[in-house]
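In what comes next, subunit A is part of two complexes: it sits with subunit B in the first one and with subunit C in the second one.
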Partner chain A sequence: MAGSPEHEALDFAERQSRNRRLSAVIVFLFLIFFLSVGLSVDYLKLDAFTPGGPQFPLATVLALAVSTGISLTSYYWGSDLILRALGAEAPNLELPEHRELRNIVTEMALASGCPMPKIHVIFDPAPNALAMGRDEYHASICVTTGLLLLLTREQTQGVIAHEIAHIRNQDTLLMSLISVLLGGIALLSDWSQRSVSASAYRRHGQRKNALWVVPSLFLVLFSPLISRLLAMAVSRQREYLADATAVEFTRNPLGLAQALEKIRNAAMPFHKASRGTAHLFFVNPLRRRVDDREGRLADLLSTHPPIAHRIMLLYQMAGLAGGRSPKA
Partner chain B sequence: MRWVILAILILAAVWVIWTYNLLVSLRHRIQNGWKQIDVQLKRRHDLIPNLVEAVRGYMKYEQETLEKVMQARSRAVSSTGVKETAQAENLLTQSLGRIFALMENYPDLKANENVLKLQEELTTTENQISFARQYYNDLVMRYNMQQEVFPSSLVAKFFNFGPSEFFSVPEAERATPRVNLSLQA
Partner chain C sequence: MARCPHCDVEMQEVSARAHPGRLIVLDQCQDCGGIWCDQWELFPVEPEESERLDPLNEKLLKNSMALKKRALYCPRCGDRLQSFREPLLPSDVQLQRCRRCHGIWLNKGQFRGFKSFQRKTREEKMSGEEAVRKAVRNFQDPRSWVTTGTRGIFAYPRGEELRDGIGVSAKGAFSLILHSLLRLVCGF
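Right after this comes the complex of A and B.
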């Protein structure tokens, strides 16, 4: 777990810069993706780039403008949009549980050396939590009331430490970018799939270069799948990393392990989450059976690593740390 | 050949500047970390009399323990310097822990909303102190190590950086607390 602080510090700076780099790559890919979808729609549907077609590649320019707009929006207002979609509210400090939550977040912010993030509460019985924001100065942490009811102080502390770890490693930038950009891709691919199949019917006899048609068709048909897999692969490693970083903060792996166990046993689907936001959460809010299994297929299909494996790793850390008495 | 030497000199200068700035920024972060601890310690000093007043009526047979906490508090308030403060505050932490443990014996206390609120406030302050201390000590360790590791030690010596002091945890706090032995008699 916690190596020398020197090593940790380098580690986390490295993680931050890797996340920033990956975010840039993803935005770039997103733009390229929109550009090529725009080009293929122009080519297949509007017959641009062929003699006799329109001179101006309308769909391409439109797609580029839209994708730039979406990227900027998701960078600056992405977390606000997601928070509003989830129905998050500010905590009511008159309630003892909310006061306790605020105190715990303050503690973890101190332990990590991050500035205090904004706190939000979702009134929902499903125990879950998430963190968002483009950097540590614009971060928010969101917790369901179900989680506050279910867990003890020490266990909540573990969960909050996990979320703060996402913020400090700057996973939140990447994650909120992905969730807004994915929404854009899903929308576009639905739309282009329909238009391509319509055009294939009407212009069956016309000559088009097969070399161009095949990749553009491929792109239009498989893009949603590819983007999903990308989001999943990106998210799972980060969950393990955030668990490890959380233990660096609390020096108490058992709190987090017990929290995971309790949440697994009490799990229920969280209805306000969607496929676009699932990877943001502490445990998978969509609650599919594959999350509890291990193996190739489960690895490929799930946004979260199997809970059993996370718990096992945490207990291992507790063993290695010599079973220090928990704080709080 | 001249260019090679020039390039090496420039690289060396850049490295010296970088190391110097790293050390300075670490020193500032350590000072800031110490302030964070200080804020929490002050908060604890303010909260303790409130808690003692709130519990005094219930805990009739533990007046001595309560007195001890107040004494430890006044000693902690008047202490100065990292080492002395650390010692006094650790004593205070121990006596507070004793009160929390004794409070378990009084079910009436758990029904009192004011006491519960104070208890949560003190718990979070205790935690904040220990997390701030953890962060502070990590920084101090990095700072001191940076001064001793070979190439950067040259820069540290040249510019007269000195090692910082740890906010240490005494052995007494690490050992299992023997709360019940002395107090149930």
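Right after this comes the complex of A and C.
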């Protein structure tokens, strides 16, 4: 029997508006970050803002234009870029495995009340899945062939429900934005480091104000770290929340728990994943040790919660206290 | 008690076996035979149960076709039901869903059609053991890793029978170059 639709809708609406707010803040910070790096390059390399230097802050304007371009691209075409980078393909409906996948996605779209997302498949033996898109009308779900091989229908259903929960909560907007913005920051980091090392800084360093130089160098040298901080915006809580929402859609916590167990035991490297896209996946494809730890520091540094903890929570939901697994 | 969106009579609660090993209570109209499923109730019901709940009845099926043109309203929240179109489903299965409470209405015969399709997709799929055997066998074979993408692991060696092998390879090579460039530029 149905719960209270008003209460559920309010719950989802709250999560969605929180994610939209956070996305706007991250895009704003991203623009500010690019602007600061542009200013620092102008100051350190091009000698702008100094007597006798150029009047037009070329690097700043360029950085602002590039960051606006990247932000707009990541909002409108971010998921397409990521899918292309991961080598995702449309499913071939002549294959029974892909037909079943589409049927499962249809069922979960109906159960969640979402429109039907686009489906993609990645040819990789590592079992994993991800969801992307700026809203539920432009969402995509992507699974690897390894996942289709390894999991049963109920287990795949749990994974798809988890991904649809990300779409429903609009985590996908934030996660897709971060993926493309991280790529942009990596690009900027390389460019600015090269600029500074070959700059006129060494020649005219004595004319610069130390108060300007220190934060500028900090920005240039620590931009990779800042990109990690952006990734931390994708908190572990989202994964726990998506697991809980998935169970709400399937009413079968065991399916998802068994899927997680199988994926954990498969331990195959996912060659196409990288730091910029790792947070998008169902389980972290890079298998960092920090993912298996708990505590505040691990919460801060990791985008994925420990799989064992997720499994334990799901078994608790199924009424199997202590996380004892029945035979899959 | 919920009322039938078609006949406006009270529906009766019917129980059905569902996965994993539990009972789900659905609402069924005793006049037109249509079934109302709340948000998540349609999917876990065992396909075999559809034959009991929704037996084939030509007379009722004919009547239910005539009822389709009317606007239907959700028996739970009163919102107008909307058609959900999925090209992969059989054409006679047209689900009506409530966008507010996410319940689903299935006319007589459609519950059975939906469940038959679900069972068919499950049965057509390669068994788990066979799939793993095939993956292990093909994993070592470079031909299954050619840039034919998703065709490789499932369709190979069926993939060899493709008529336009050259076209597929060229497309795959182009796509590979594009991916590499994209990853290089975006730093993914």
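Everything that follows uses one rule, which is that the second predicted complex is superposed on the first by the 295 of 328 C-alpha atoms of A that agree within 3 Å, B and C clash if a C-alpha of one lies under 4 Å from a C-alpha of the other, contacts with A are read in each partner's own complex, and residues count from 1 in each chain.
Basically, a residue touches a chain if its C-beta (ideal position, glycine included) is under 8 Å from a C-beta of that chain, and two chains touch if they have at least 3 such contacts.
As the structure is a prediction and not an experimental result, all values here were calculated from the model.
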{"item": "Partner chain(s) touched by A:110 [first = subunit B, second = subunit C, both, neither]", "value": "both"}
{"item": "First (subunit B), second (subunit C), both or neither touched by A:87", "value": "second"}
{"item": "First (subunit B), second (subunit C), both or neither touched by A:236", "value": "neither"}
{"item": "Partner chain(s) touched by A:138 [first = subunit B, second = subunit C, both, neither]", "value": "neither"}
{"item": "Touched partner set for A:277, first subunit B, second subunit C, both or neither", "value": "second"}
{"item": "Broader residue contact with subunit A after superposition on the shared chain, subunit B or subunit C", "value": "C"}
{"item": "First (subunit B), second (subunit C), both or neither touched by A:20", "value": "neither"}
{"item": "Subunit B and subunit C footprints on subunit A, overlapping residues", "value": "5, 9, 96, 99-100, 103, 106-108, 110-113, 153, 157, 249, 251"}
{"item": "Residues of subunit C touching subunit A in the complex", "value": "19-20, 25, 38-40, 42-44, 76-77, 84, 86, 88-89, 95, 97, 99-104, 117-118, 121-122, 124-126, 128, 131-132, 135, 139, 149-155, 175-176, 178-179, 182-183, 185-188"}
{"item": "Subunit A to subunit B touching residues, read off their complex", "value": "4-6, 8-9, 96, 99-100, 103-104, 106-108, 110-113, 153, 157, 249, 251, 327-328"}
{"item": "Touching residues (chain side subunit B, partner subunit A) in the complex", "value": "29, 33, 36, 116-117, 120-121, 123-124, 127-128, 130-132, 134-135, 138-139, 141-142, 145-146"}
{"item": "Footprint of subunit C on subunit A - complex, ascending", "value": "1-3, 5, 9, 81-82, 84-87, 89, 91-93, 95-100, 102-103, 106-108, 110-113, 116, 121-123, 125, 145, 148-150, 152-154, 157, 179-180, 182-184, 186-187, 248-252, 254-255, 274, 276-277"}
